[in-house]
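Questions regarding the structure given below will be posed in turn.
Note that the chains are named A, B and C in the order they appear, and that numbering of residues resets to 1 at the start of each chain.
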Amino acid sequence: MDSITRLNCRYGDDKEFAGCSIFGMMNLQGKRFSSKDPIRAISNMHERGNGLGGGFAVYGLYPEHADDYAFHIMYLSREAKRKTDKLLNESFEVVYDEEIPTKKANVRDPPKVWRYFVKPNVKKLSTKAADDYVLEKVMRINTETGKAFVFSSGKNMGVFKGVGFPEDVAEFFCLEEYEGYMWVCHGRFPTNTPGWWGGAHPFNILDWTVVHNGELSSYGINRRYLEMYGYKCTMQTDTEVLAYAFDLLMRRQKMPIDIVSQIVAAPFWDEIDGLEPGEARVLKALRQTYGSLLMNGPFSVVVAHHAEMIGLTDRIKLRPLSAGTRGDFLYLSSEESAIRLVSPTLDRSWNPRGGEPVVGRLETSKVVEVMAK
Amino acid sequence: MDNAEELVAEIGRRFLPRVKAKGNAYTVNAADLYYRDLNVLVRALSNNGAEKIEIRNVYGQRYIGTNLDKKIDIEIHGTPGNDLGAFMNGPTMVVYGNAQDCCGNTMNDGLIIIHGHTGDVTGYSMRGGKLFIQDDVGYRVGIHMKEYQDKRPCLIVGGTTGDFLGEYMAGGVMLVLGLNLRQGGKHSARFAGTGMHGGVIYVRGGVSHLGIGAKAADVDGDDMKQIQRLVVEFCYYYGFNPDKIMEEKFTKVIPVSHRPYGKLYAY
Amino acid sequence: MRSYLSPEYIVHRDQERCIRCKVCVNQCTYETHYYDPEDDKIYSRDLNCTNCQRCVVFCPTNAITITKNPNAYKENDNWTQESIIAVKKQAETGGVILTGMGCDKPNFTFWDRLLLNASQVTNPSIDPLREPMEIRTYLGSKPDHLELENREGDVVLVTELAPQLCLETPIMFSAISYGATSLNVHESLAQAATEFGTFFNTGEGGLDPRLYKYGDHTIVQVASGRFGVHPQYLDVGAAIEIKIGQGAKPGIGGHLPGEKVTEDISRTRMIPVGTDALSPAPQHDIYSIEDLWQLIYALKEATSYSKPVSVKIAAVHNSAAIASGMVRAGADIIALDGVRGSTGAAPRVIRDNVGIPIEMAIASVDQRLREEGIRNRASIVAAGGIKSSADIVKAIALGADAVYIATAALVAMGCTVCQNCYTGKCPWGITTTDPWISKRINPKIASKRLVNLLHAWSSEIKEMMGGMGINAIESLCGNRLHLRAVGLTEAECRILGVKMAGD
């Protein structure tokens, strides 16, 4: 573990902490739209970042390859690509691959970033089994060479991120060419010397993406709990732990978001004690079982996966999060002014309560705000 | 425009296209203007004798009003950024839109009127002046407000608040009207008044959960006089009907003692 | 409930020498001594004695001796005297045990295991009595390079430097709040700083307007309680310091017991007389690094970018990463306060168990900022129990630009580190706001003592520098080659960036 930790953080910090800006925009009808508004919004929150990290996750990105897993992989060396290509060819049928087109922009030391459209080459896998298979291979790629890292591994979506202001990263990856029905963006304020593109947000596993503002004081134990379930924490950021937690609870253990938020932003014991016995029993059991996944410390996150965008803050609301709706659009942002810039009038504009998720769902075309009783 | 040359000398040629003048009133277009430049411009106009400045297309610029100390009128159209009126000392600011976090942070004097809601940490360490918000406010509002003799800050919320209202309050007065609650409804804020050791919070409607050191009490005649005065003043700025508001029951939240943590330590 | 505790100290009075002048009775603020007219003798209530030594010093016939109560529990390196007494006290009160001043436990001081170099043969040492020896220091953000222009034959400076503080000696008076101490103490520190050409820090209690005249030598502090923070306060100071934490109690807020909140304190802090002045644990508008950036620039905006903004943190585990974040957030000065830092009141368990030694913090922060290429952007000031000029030289060699002293300043004024500051009854008149007792500090005399201390230490610093063959403090700052370690492990040497003696 030591060699991996040193590789990603030369100072041997326990973990990276970063101040940030986050933004999410979703069309609840699934209609795809361009990068213009997301980029405008995230760059408006310029003061929350310091130009050492920016990134975007786009859903509905590759409709022509909708059934293939789309891998975005960054390489720091040719050897790493060679090894990774070998692994990919052994484990997958590679339908198509190419270098992601880029152009000159104000970003630092860009690595090479490739995209691959793949299918697992094991026949008759259920969706869950296929996902677990991909998960395992992604963990392998991330730990094997130390110079190859998977930015994203979901179907019909992709993550573009790196070291620069978000608007510069957008320019570098030619994001004006793409459309998606959901965009999740991030601007970062890290303290390590720039260079590590893998450290930027969004963080992704399968089609789960997390952008995160804050620092988890519980990271040490969150990580060790997740490692028991086969997740390898290599990125040295708290965000990684959030993404794995959502994958474990929502995808593998099939819990709905309102339960997951009661685990991750658990209510206080005296609140639980004051509830109806039936409800109190459930919440007590959740906290007893999943106490190690309680995320302590300030956080506001936007978590996305296909058909759902979730905004959530810690239980005592130490980080800002603003929500807004207009027509078919749902907006989530660290600062309301960023939403207003791209949509000066809103049907509804509010600041969600701590620990209570705001969920935009595609199939119901509705925005659900789950209120604690 | 009048005294155009002086204006240019004061603010520099680059800002000229953004400014329209009419006597001592100015309109500024803040679209795509970096906050530092905006604040330098507003201060220069203020030094140049401006009595009123209207700022349009505000999207997230911070610290507006921070470095102003004249009794000037400022109108903001849009969504001002964090720390609106932080350390402010005198101006009157009216916002036609919502404000964000830390509005009125350590404010010393002046008046801020928000036609909308604010985010968290509103009125942190306020020590004077008045801050009125039409709708809801977020968490940790009015923490450590202070007063001394006639310097008494006042914070009025038209809607409801988040948790930790008035934590460590040492002075000043807050009034939470809950105009958007249903009849006889309760505010859902928890831990209100934790560690209060001075000041008072008047609440229209019930309080559901108080923090250590705070207690709810009935309002008396003097309280009602004060509440009446505050409600009338609030309604004046928003065009509401004070009589209707005064019909509901008010409670007050005050410190249990002036030493809520006196027993915590072993001497 | 009956107390199971015995007196900590025993007062011995030589009744032969005692002349019944009753100076001890008057001087003791804890009512330890009392005169019995029937016996014509002065007796003492041992239980009240705090070993502050005021009576010992002022007794005209040296009749008083104070000793530790020889009645001690059985020797036990785990259940020490202190831990047994603490548990019994807590059983009696259910309260958090308070204490004052700095961590007094062994093994946390690394200064004593570092030695300095002297030049011989290959490099001459310099005699500071005869040759110039420069210890002037400028604190603030420095640019990476200077742009100069040639205009009509003159070289003109194009780059504008950020605002700087000029110190005639690399020693400043650290934050001691108005409330923890009295106006007299604040005035003494202000006068001494002004006379010597350095700075004093107001601490988190605000600044009494009577001291505004010393503004050019004042660093005004903005802490979580925002006590006394208003536009004039910000304007008057030469620099503004955002207090995130202090070494004596990292992670928790300031605590001024209600006993010490008098009329004057009430007016300056704007809280009711007699209430506890609690500073919240965090600054409520700083929950993340970008929030610090937001507050730093709020203060710079409020003062038109004319003053350096300092950020003070307690030295803790990830100080290096935090300091890097602070520099990137716009801090001009980083103040690090180590585990030995003093306070007027803190829970003892926090004072003695939370935080790391300042030596490690200076070394790791200095090294980290250099590795990131941002060391120029902020000056580093170190604090936390610095007790001699040798500590200062070593701190500068490790990488600090200057140091803050507080305990030493109080000791110079009379403090004997009895650790009872929180009672508000300091018989030396230092950590009290009682108008009567605080008269015992006369700013004219106390400031002279402080100036003497600064003078003595500055002379010693110059002697040590001369011995190393250096005549300018810039050549000492961060120059670890002038340090060697004795009795440290390899890991400790590595972190300090210092070689073993003989190596």
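Everything below uses one rule, namely that contacts are C-beta pairs under 8 Å (C-beta built on N, C-alpha and C of every residue); 3 or more make two chains touch, one makes a residue touch a chain.
The structure displayed is predicted, hence computed values, not measured ones.
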item	value
For chain A and chain C, chains touching each	B
Chains linked by the largest number of contacting C-beta pairs	B-C
Centroid comparison with chain C (C-alpha atoms), farthest chain	A
Length of the line joining the C-alpha centres of chain A and chain C, rounded to whole Å	45
Mean-CA-position distance for chain B and chain A (Å)	36
Numbers and ranges of chain A residues touching at least 2 other chains	47
Where chain C touches two or more other chains, by residue	294
For chain B, residues that touch 2 or more chains besides their own	62, 82, 101
Interface residues, chain C side, partner chain A - complex	287-291, 293-294, 317-318, 320-322, 324-325, 328-329, 368, 371-373
In the complex with chain C, residue positions of chain A that touch it	11, 13-14, 17-21, 47-50, 189, 191-193, 213-215, 298, 318-319
Sites on chain B touched by chain C in the complex	36, 39, 62-63, 66-67, 69, 82-83, 86-87, 89, 101-102, 105-106, 108, 121, 124-125, 127, 140, 143-144, 146-148, 151, 167-168, 170-171, 195, 197-198, 258-267
Complex interface listing, chain A residues touching chain B	44-45, 47, 316-317, 320, 322, 335-338, 340-341, 349-351, 353-354
Residue ranges of chain C in contact with chain B within the complex	89-90, 92-98, 225-227, 229-231, 234, 257-258, 266-267, 269-272, 274-276, 278, 280, 284-285, 294, 297-299, 301-304, 347, 422-423
